[in-house]
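Structures for review follow.
In the two complexes below, subunit A is the common chain; its partner is subunit B in one and subunit C in the other.
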Partner chain A sequence: MSATAQFATASTVEEALAALAAGARPVAGGTDLVVGARQGKAPLPDALVAIHRVSELHAIDGDADALHLGALVTHAEIAAHPDVRARFTALADASAIVGSHATRAQGTIGGNLMNASPAMEAGGPLICLGATVTLRSTGGTRDMTVEELLTGPGATVASNDELLIAVDLPHPAPGTGSAYVRLEYRRQMEIAVVGATAVVTLADGEVSQARVGITALAPTIRRVPAAEEVLTSAPDEASVEAAARAAAAASVPISDLRASERYRRAMAEVIARRAIEIALVRARGGDVPIPASAVGQ
Partner chain B sequence: MKIPATLTVNGVPYPVELEPGTSLLAAVRDVVGLTGAKEGCDDSECGACMMLLDGRPVNSCSYLALQAEGSEVTTVEGLADGDQLSPLQTAFLEHGGVQCGFCTPGMLISATALLADCPAPSADEVGIALSGNLCRCTGYAGIVKAVLAVSRGTAD
Partner chain C sequence: MSATAQFVTATTVEEALAAEETFHGKGAGPVPESPPAPAEGCVGRLGLESFHAPQLIAHAAHVRVDRETGVVRVLRVAAVHDCGRILNRVGADGQVYGGVVMGIGQALSEGTQLDGLGRQRNPHLLDYKLVTASDAPEIAIDWVETDTPNAGPKGSKGVGEPPCVPTAGAIANAIAKVVGNRVRQLPMTPERVWEAQQG
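Here is the complex of A and B:
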């Protein structure tokens, strides 16, 4: 894997962007890029710029409107952050089950998003929680939703000279509960076989807003509007069942070594129902431990 | 083209020259000469190569060595104080946590990271933390027992 000829370490965003403009590719925790090279998926790029020392991208903070995650915030930091756990619980569910504790200690949210796996754990929660990302190049800055960022397996709208700088999550309305659940064959060192996210906001016992997302069930992680519409009628068992069926109906899964298309489709309903049920419990103030995927095991 | 760098491993600075694609594991084993960390899968699955990077666990087979410049790298050789084994190392010996020994360096590093983060884990939390460390002898019961013994302070 020693094909890389050029290596530089950036200490500022500007240095990183200049290196990208000159053709280098960024590396942070290396948990996708370097592992992928060792697995033979893709050789390491000819020129690398290490961005892990760019201190301004490590911040996790917030203001009255949003929680701000710098691109280099790790899954371990996300999963442990009190505000994420309390208000963006689905994201904590997801970050808490990425890889092993070594993966979570090194793997960053920016790298996770830009790797653009349709099975990434954090993608569903970010999409359903309305997250936006900031891309920057030497030519300028643009913001977009995570949905707009992700265009296919391993593909984003970002051009090669753009760096993901930050992820911003708007504060959910009071009465919001969320959950991310994946079907997993083991609890760690795993990636979603099938995953589902639910974000529900309750007002006077009614669902005033619902977001349902499916993971590892389509070329990109996506929301399921039909499931969301059903849920906003009433938070009863029948609508939960109907929303879960809608999530399964919206699935266009692949067959691979981890699961067949048919099995994924069948499990989509089960996993979506669990995510919705747990989000509803949390929206009512109930305590469901993080990660939600471990519940009932 | 090799790039000069300084890797600080177990508190000792080592001047090295490395190809950009060299893994931290290869640099520490083949250039620095500390062979405690093992290459198992070379794919970030088995944890035999685990080291600490500024106190946090890293699968060193899949981390670029040049990125570790400026950080403190800790390998299994850095856990003992001279001839004095760390409480975890002693507990692994006392509770049958070592069989063939190949996974042991990574297990010890992984458990060290766990206890630094969570000083009194449950058996379930130990199992989850060590999930990224595979023991080909399947000697997990002794390993978990050893970690729990230290967390409860009975191994000293």
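Here is the complex of A and C:
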């Protein structure tokens, strides 16, 4: 672990942006940056600016149209928020199972997104729920979807002087249910080997809109349009199976110490089917406990 | 741990032998005669004198196998040990709780993975998967206290290592019964259990 030459603490967004413009990298919860440095993945940057005291980035609030998450909102805060649990249930499923209790208390949504792991839990729900992010630098502000933000393992479209300020989630249409399911070898301290998100909206008993996403199965978390099309045609058992197969077909998994490519592809179908089934139950008003990954386990 | 009064590093076998120290375990060198052991007790060379009295153990495991994923959850373990006279029931039970959880890790999740040069690929707790408190099952413990010749103080026998020995076997038998095939390698990860089901 190399020493960081410069360390500063910002108390406003402007101070943080000025530090970034001068070449510093931001640190919030430190659950990726510090752990990664200890494991030898990447040395700590020469200059760090701590942003955890920037109070305006801690906000979690909403209006009639959207839920607003400041970049420093923690996984634990998201998982416990009544509005998230009621209306953005897939995000609650995901936030409730990130790492350990300690990770969830410390890790932030902004850091999680900018770390851009294809295995991040929150990514699938955010993409499928249509979340946007706000990036800001001393030069200006821009908004984009989470899908547009993430470009590869550890890579985003953000430049080094841009700070993720907030994540905004549009309220889902009435009749929407969502779920995020992860394959779990044990009950705590897991990382996604295979994950899937489903968001379905029912109108008059028919699926009027569907979003299906796969996690840890490609260089980025991605939606599966073929699965979404199958679901919107007719929501019967056969279409759920077909959508799950489409999710597996869209996977380009790797083999590594956690699982083989073959097992991951087979599990993509199983986990996607479970996510879709639970999202449908929730869309019909059924109560499936959060996190959905614990169902039947 | 007591402090070592003298410490020298030998660079040849001759130097090591000249130090006239006792090398235990895998070491070489003269081993002094045991001090005379009392009629009862564990005092002896390497503390092994009393261990001619083996423990008898049976574990039973109730598991749930997710047949689609191969994920195994251990729901209950019953552990019955004959470790002679139990001198401290709370302490002895504690050994079994810990041993069973350790045995579940051996059975299902703890595996050292090496690369081609023998370096560990999972040298951290994210991928070397210890069993967490959330994974610990209900553990039912009972003791059979049998008089055994050569037992230790007050008729006791050891209960350090034994509780983690039979757990993996019990879990393996339970998995084989559910799956219909044996998983022949530890740990029995979800992928290995899933593979065994493919026939």
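Descriptive notes on the structure:
What we mean here is this: the second predicted complex is superposed on the first by the 296 of 297 C-alpha atoms of A that agree within 3 Å, B and C clash if a C-alpha of one lies under 4 Å from a C-alpha of the other, contacts with A are read in each partner's own complex, and residues count from 1 in each chain.
Note that in this section contacts are C-beta pairs under 8 Å (C-beta built on N, C-alpha and C of every residue); 3 or more make two chains touch, one makes a residue touch a chain.
Since this is a predicted model, take the numbers as computed values, not measurements.
Contact with neither subunit B nor subunit C is seen for A:L113 once the two complexes are overlaid on the shared chain. Counting residues of subunit A touched by each partner, subunit B versus subunit C, the larger count belongs to B. When the shared chain is aligned, subunit B comes close enough to touch A:V34, but subunit C does not.
Shared-chain residue A:R258: touches subunit C; no touch with subunit B. Within the superposed three-chain model, A:M267 lies in touch with subunit C and out of touch with subunit B [touch as defined at top]. In the superposed model, A:A5 lies in contact with subunit B only, and not with subunit C. Looking at the shared chain after the overlay, A:L48 reaches subunit B, while subunit C stays out of its contact range. Touch criterion met: A:M189 reaches subunit B and subunit C at once. Residue overlap on subunit A between its contacts with subunit B in one complex and with subunit C in the other: 39, 186-189.
Against subunit B, the residues of subunit A that register as touching in their complex are 1-7, 9, 27, 29-31, 34-35, 37-39, 44, 48, 50, 52-53, 76, 99-103, 105-106, 186-189. Taken in their complex, subunit C has these residues touching subunit A: 66, 68-69, 71, 73, 108-109, 113, 121-122, 124-127, 129, 131-135, 189-191, 194-195. Looking at the complex, you find that subunit A touches subunit C at residues 39, 183-189, 191, 257-260, 263, 266-267, 270-271, 296-297.
Contact residues on subunit B toward subunit A in their complex (touch as defined above): 1, 3, 19-23, 42-45, 47, 50, 53, 56-59, 61-64, 66-67, 69-70, 110, 113-114, 117, 128-129, 131-133.
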